[in-house]
Each structure stands twice: as structure tokens, then as C-alpha cells.
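Below you'll find the structures, each written out as C-alpha cells.
Next, two complexes with subunit A in common: one pairs it with subunit B, the other with subunit C.
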Partner chain A sequence: MNRLVPFLSRYWAVLLLVVVWHAWVTLGDLNSIVLPAPLPVLADVVTHPALYLTNAAQTMATALAGVAIGVLLGAFVAILAWASRLLAGLLTPLGLIFSSVPIVALIPILARVLGYDISTVVAIVAVSAFFPTFVFTGAGLRDLPRATDDLFKVLGATPWGRLRHLVLPATVPNVMISLRLTVPEGVLAAILAEFLMGRSGLGFMFREAASRFAMERALGTSLVVTLAAVLFFTLAHRAERAVKARWS
Partner chain B sequence: MAGLTSLPTRLRRLKRSCAQRAPALIGIGLFCLAWQLIGSYRLAGLTWPPLSVVIGYLVDPDHHRLLTRAASTTLRAVALGYLIGAGIGLFLALAVRLFRPARAGIDTFVALIHVTPAIALAPVFMILMHRDAIPVAICALAVTYLIYVAATSGLDGAKRHHIDLFAVMGARPWQRFWLLERPTALPAIASGLKLAIPVAFMGTIVGEWFGAARGLGLLMVSGMQNFQIPMLWAAVLLTTLTSLVLYALMGLVERAVERRFA
Partner chain C sequence: MPDIPQTECREAIALRAAGKAFALDDGGSVVALDGIDISIREGEFVAILGPSGCGKSTVLRLVAGLETATSGTVHIEGRAPAELAAHHRLGVAFQDHALLPWLSVSDNVALPFRVARKPVARDTIARLIALVGLSGFENARPSQLSGGMRQRASIARALALDPDVLLLDEPFGALDAVTRRHMNIELQRIWSARTLTTVLVTHSVEEALFLADRIIVMTGRPGRVLRDVAVPFARPRTPEALRTAQFHAMVDDLTRALEPQG
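Now for the complex of A and B:
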């Protein structure tokens, strides 16, 4: 009972959604082609573990690789921009522009330019993670107190020493926040790319199921996608907190 | 006051603002130049057209009917979804402000919707509504999250000593809301409304990919699948530019609200 109340207070809206869904199917006496009930959807996932797992593993691996590449590149370019005022002046406005446009609109272009391939999915996710990371990490570095940098210079630190002991420690927590911020969009970008190119992964499963009105499969894929996205987000959040505790 | 500043001061200011903007303009110029050169020397293959070709496609009167029809469909969906989403977001934020025990549950629910990739909800929408309404629905959902988060954090933003002051002076709850929490929340809501612009476009485009009859998203997909390269790039450029212009306009609104309330 002591555990139930906090659980309910956090999840009542989610539970309500499932209950409404179930009630609607049963009371409305709907055909499963129109809308299957929650249980058959769950059953489809449980009875086809290999299908769901292989596709989910592929999607998550590409999304993870893409987010990692995008975030690391974004942080790297942000450090370059910290080191050079010229680069900062040239790149910051472009970064701001690209991080405030609907980046998914670039997916069809990237798919066409790079070809229908799994590495294209990685590239698309990387692009979606790159710009927000660059802007966010760059802003963090610009916020470093001027005095610390001056202190390092006065004490005769080499540029490398400043990078190693001042810039990198300041970058790492921001990188972790960027990771958390870009993970949901990265997963979305990966699935959209798979959906549009239609080769493999959860996005493709989705498209295939929706096109032949296999609603149990389509909703099952939605469920797996959601679970995977929540898992990713939670991991990124945990990692952020662990790193924050260690670095500051 | 402007008339009182001396000419040299004004010239100095002008020079400074040019010096601040120059690198940005050079950066954007270099970007356009790179786009043009990669396209005309085919460095990225045949699917990367020079910028001039894309602009040529956009200004060609032959394409105006196609483009305006697609753009007006998409813009209408964006506007509708944006308004609905902002309305629901604000409503939910006010509702959990009035009835605090509901807060944690709604927070989880909204966060879940945010983390769920928009496309995963598409089958549900396919069941619930006509396919032309799907872009509006996905757009509204994405905007709801942002506005809800902005509004709840804005409403939470009142300073402890201000709240205490209101309590000491015997303010009624609605007075505290109207005179303290509303003004503190408005800047946060304004920046939420700004950030929601690209999100609204994103939701609409994704919704259109799910089988809308027309719209810029549809132009992108059919351009991609049928190798209509200039059309593909033109649709993407038009979408991003429109989103950017609206984003900049909302940025002005945000600054005005900030100046008034912060």
C-alpha cells in the first residue's frame, strides 16, 4: 500500500490511457483490423521475440552510434570554436540556424545524397545530434568565468594544459546534458529514416505492418519503440547524473 | 533620446554592430558558396544540386501553383496544430496548478509522450482520424509537450520571498496567481512558444509522411522516391526558411515579453 500510492500518483494518467483503450475496444466491439485491444498487442510482441528483438537491436544500435558520433563531433567543434575566435564567429550562427530548423526535413535529402543504406541512418541521427550539442556545449564553454582562464595563463599553463584541465572538465557535463537532450530526437530520426527508406529496423517493420493493416504488429512496434526510447532516455539521464556527481 | 547621441557615438555603434554581424554573414555566405560549388562540380553526386538550381526551381512561375498549394496546406496544418497544442499545453499546466495532486501523473504522461517517437503514435491516429488530420494531431502533440513544460516551470518560477510576501499581506490565491505567478510565467511561456515553432513544423512534416494527400512533406518524399532532385531540395529549403522566419518573429515577441515582465 505504501508503494502503491506514489506509483499511482505518478502513473495514473498512463494507466488511465490503457484502461480507456481496453474499454473502448471491448465496449465498442471493434474489429481487430480497426483497433486491437492492449492484450493482443502485447501477445504479438511476446510471441515474436526474435523478430522484435533483432529489429529493435538494429534500430537502437544505429541510433546509439549516430547520437554518439553527433554528440562527440558537436563537442569537438565547440572546443575548436572556443580555441579560435574566427571559427566561433563563422560557425556559431550556422549552428544556431541549424539547431532551430526542423531537422527531420533533412532526412529525405540525406537519404538521397548518401544512398539508401544503414550508414545513412547513422549519419542522419548524427546530424540531428550534432547541432544542438555544438550550440549547447559551446554556450557552456563561453560561460566559463574569464578569471579561470586568466589564472591558467598567469600560472603559465600551456594551451594543451588549459584544454586538458580547464576546457575538458567543463565540457564533459555539458556533453552529458546534450546526450540526454538529443537522445529522443535521435531515436525519432533513426526510425523515420528507416521508415522512409524502408529496408530494415523498427521503422521498416512499422511501415510494412501499417501498409497491410496488421494493426497488432504496428501497435506492437509502437510499444517496443516507446519502451526502447524510454530506456535510452533513462540511461542517458542516469549517465548525466553520475557524470555530474563525479565532475562537479 | 536617439537624436541626442552624437554622430561619432552613433557611427561607433554602427561599426560595432557591423563587426558583430560580419562573421555571421560571412559564415552563412561561405555555407551558400560551398552548397553552390559542391553542386556545380558534382562533388556529392547528382543528387546535390547547386543552390542556384534550387532557387531557380522556387522562383520559376511554372512551379508556383504546386508550391503554393503544398505550402498553404502545410502552413494551415502547422498553424492549427500549433494553436491546439499550445492551448492544450497551457490548459494542462493551469489544471495541475489548480489541482496539484494531479501534477506528478500528468508530468509522467507528458514526458512519455515526448520520449515516444512521434511516428509510433501514427497507427493510433490512423485509426482515430482522417489521414489529412494526422499532421495536425502530431504537430499539436509535439507542441503540447513544450508548452506544458515551459508553462509549469514558469509558474513554479516565483521567488520564495515574493510568495511569502503575498502570504503575509493576506493575498487571495487568485490574486497571487494573477499578480505574481502569471507575470513570472509569461517569459518562459513566450520562449516555449518560440521553441515550439520548429517542433510544430517537424510534427506536421512527419504527419504528412504518413500518407497525407498534399503538403511540403509529401513533395519531399515524392521528390526523394522519384529522383525529382530540385523539387526535393526546394521543398526542404522552403520548409526550413519558413520555419526560421516564424522562429525569428517569435524571438521578437519573446524579447518584448521579457522586457515587459522580467
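Now for the complex of A and C:
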């Protein structure tokens, strides 16, 4: 009972949504093809754990692989741009333009170029993670703690020593910000890509179910997608907070 | 280097007619220093006194090679200051402690070793941390320390590589009188153990008299050398030396020199 109260006070909005959903379906007497009630949706998830789990695992693995590649590449290219003024002049405007292009617009192009398979989904997620990371890491590389630049000069640091001991560690919190922003984005991009061009994963599962009007399955997929996105966001947010506390 | 008397007389730091003007955003410029002549012998301890904003930090930054003089010259051992830094022979404690927030106290003190790609001397680091009274705080991060503790950590870091030239910019500013006195006595021990050319910027006349061989008093706008006073007290100096009549007379004299001229 004393655990229920904090739970309710935190998640009442979610519960309210489920109640409204249920009321809407029963009072409006809606056909389950239009909108199934919450309970049958939940039942579909619970009675097909293997199906949901394998597809969810695949989507999450794809998203994580893509985000990892995108963040690493984004940070790496940001360091290149930091090290060379020529590259910075070339890459920074590109980064700013591409980070504001919606990923949906890029999916058909990338699919056409790379082919319609799972590695293309990974690539799409990587692209979605690349540009925000490039922009945020680039900002972090230029934001050093007070007077530390002077310190490294009087310590006689080489450019590499300065990068390794000052600039890279100083930018870690910004990389964590990129991670927090790109992880949920990456899950979304993975599902979207699967939906538009995939042959497996939660996105594909949703499209396949919706096309044959299996709405319990489709909404069950949405439910799992939502839970996964929330979980990933929470983890990334926690990680960012922990790093930020360590870094200030 | 053989420890013969001649080496004692070698000039370590030389500012000749050094001037510094800063360009301002509005296109004008502010003259921070004008015609500074300072000569510091190897192993000598010089304290710089002066009102706030008179250019003390700027003198130190010129010597550290962080600024270049807009007129005149600045040399360490006859060469550009940056050369000394490149050989990891310069120790600086900044007015702004400049500790890396993500490193523990002991890792901050170890930083000069890592930057110089030398093996980290754990025992040296432990000894320096003890010297500045931070034993027990080795694993604390700078945000968990008080202002005075941060300053002390940055002094330990400045001493890490056993530098030949040590520059201290108001390193004891945030310390209470007792800790400050204690630090002064501890640091005097280091200086008695080896030749270490030191420039200390301070606002405390007593501290300058207790530690330094020579005191330079500056005036502001533009910064100039007003007085250059040799400190006559024998070493090692004990806290009792601070109570002699001669000491008090010099404190009064220097304090008067610091007062704004009417």
C-alpha cells in the first residue's frame, strides 16, 4: 500500500490514459479493427512473449549498434574538425544542415543506395545519431574549464597531450548529452526504417499486423516500442546525470 | 649542475623595459605594464606587491610565456620563456586554481608527469599532498574541496616536476591566517632544500617579508616598478623573526609604499 501511493502519484497520467482508452472503446462501442480495448492488447503481448521479445531484441540491437556507430563517428569527425580549420570550415555547415533534415527524408535515399536489408537500418540509425553528436561534441571540445588552457601551456603539453589529457575528457559530458538525445532518436529511427523498408523487427511487425487489420498485435507492438523507448531514455538520462556529477 | 658560488649569481629571469598593452574590443587599448625592469638571480625568491589591477598577474604571465610583451624583452636563462615550459621545468600556481574537475586531487597533482610523459612518481605525489596538508583528500575531486584546499592542491601540482622556476599568483589568498603561516613555514623548507627561482605575487606584506629575498612594489595604471627592496633577515626564518622591531618597521614602510599616492 505504501508503495502504491508514490507509484500512483507518479504514473497517474498513464493510468488515466488507459482508463480513458478503455472507456472510449466500450462507451463508443468501437469495432476492434478501429481500436481494440487495452486488455486484449495486453493479452496479445503476454501470450506471445517469444514473438515480441525476438523482434524487440532485434530492433534494440539494431538501434544500439547504429547509435554506437553514429556517436563514435560523430565524435571522431568533430575531433577532426577541431584539429583542422580546413575540415571545420567544410564540415560544420554540413553538420548543421544535416542535423536539421528529418530522418524520414533520408530513409528512401539511403535504402536506394545501400539496399533493403538490416545493415541499411543500422546505417540509418547511425546517420540519425551522427549529426547531433558532431554538433554537441564539437561544442564540448571548445568549452574548456577556466584557465586550463594556460595550465597546459605552462606544463609544456604537446598538441596530442593537450587533446588526450584536457580536450577529450572535457568533452565527455557533451558526448553524454548526445547519447541522451540520440538513443531515443535511434530507437525511433530503427523502427521507422523497419516500418518503411524492413523485413523484421518491431517496425516491420507493426506494419505487417496493421496490413492484415490485426490491431491487437499492432497496438501491442506500439506498447512494446513505447516501453523500450522510455527504458532507453531513462538509462541514457541516468548515465548523463552520473557523468555530469562526476565532471563538475 | 655544480653547486659553485658563480652559479648563484647567474641571472634566471630578466624583464628589460617590458611593456604590455591589451587591445580592447572597442578598438582602444589599455596599457597594463610600462617599462618594467626586473632581474632575478637563479635561486632567488622575489615577491611582488601592489594594489589590485596594477599588473602583477600580467608580469607573471609574461614570465610564464602566456603573454608576449608589446615592448621590451622577457627572458628566462637568456631564452624565450616558452622554451622552459616546453622542457617541463616551469611550475605555476594560478590565481584561478585551474584544477581539472574530473580528476581526483592526486590525479591532478600527477597531471604534470602525464603531460610530460614521465613515469608518475607516486611517493613524490603523496609527499606533496602531505606537504600542503591535503592527506586524506587524495581521492576527493576539486568540487568537494574548499577554495583554500583547491589552492593548496594547485601548489602541490606546481611543485610536482621539481621545477627550476616557480611562479605563484596569490596562492594563499583564500587561506586563513593560521593555515597561511603554516604553509609559509612548510614551503620555506622546500626552498631551503634546493635552488628554486621563485616569483610570488601576494597582497600580504608580512608573507612577502617572511618568504622573499627581495620585494618589488608596483604601482598601477600603467604598471611600473615603484620600489625594489632587499629583505635583510637571515634564513631559516622562524615565526619569531616576524616579531622583531626591524620586521615591523619594514612592514610599516612597505604598507605605506602600497598606499595610493596623493
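To be clear about the criterion, the second predicted complex is superposed on the first by the 233 of 248 C-alpha atoms of A that agree within 3 Å, B and C clash if a C-alpha of one lies under 4 Å from a C-alpha of the other, contacts with A are read in each partner's own complex, and residues count from 1 in each chain.
Throughout what follows, a residue touches a chain if its C-beta (ideal position, glycine included) is under 8 Å from a C-beta of that chain, and two chains touch if they have at least 3 such contacts.
Just so you know, these numbers come straight off a predicted model, no measurement behind them.
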First, second, both or neither for A:G28, with subunit B first and subunit C second: neither
Partner chain in contact with A:F152 - subunit B first, subunit C second, else both or neither: second
Touched partner set for A:L166, first subunit B, second subunit C, both or neither: second
Subunit B versus subunit C as contact partner of A:L192, first or second or both or neither: first
Subunit A positions touched by subunit B in one structure and by subunit C in the second: none
Complex interface listing, subunit A residues touching subunit C: 145-148, 150-157, 161, 165-166, 169-170, 172, 246-248
Interface residues, subunit C side, partner subunit A - complex: 61, 64-66, 82, 85-88, 90-92, 94, 96-98, 100-102, 111-112, 114-117, 141, 143, 167
Touching residues on subunit B, where the partner in the complex is subunit A: 22-24, 26-28, 30-31, 44-45, 47-48, 101, 104-109, 112, 114-124, 126-127, 198-199, 201-202, 205-206, 209, 217, 220-221, 223-224, 227, 229, 232-233, 236, 239-240, 243-244, 247
In the complex, subunit A residues that touch subunit B: 8-14, 17, 34-35, 86, 88-94, 97, 100-106, 108-109, 111-113, 184, 187-188, 191-192, 195-196, 203, 206, 209-210, 215, 218-219, 221-222, 225-226, 229-230, 233
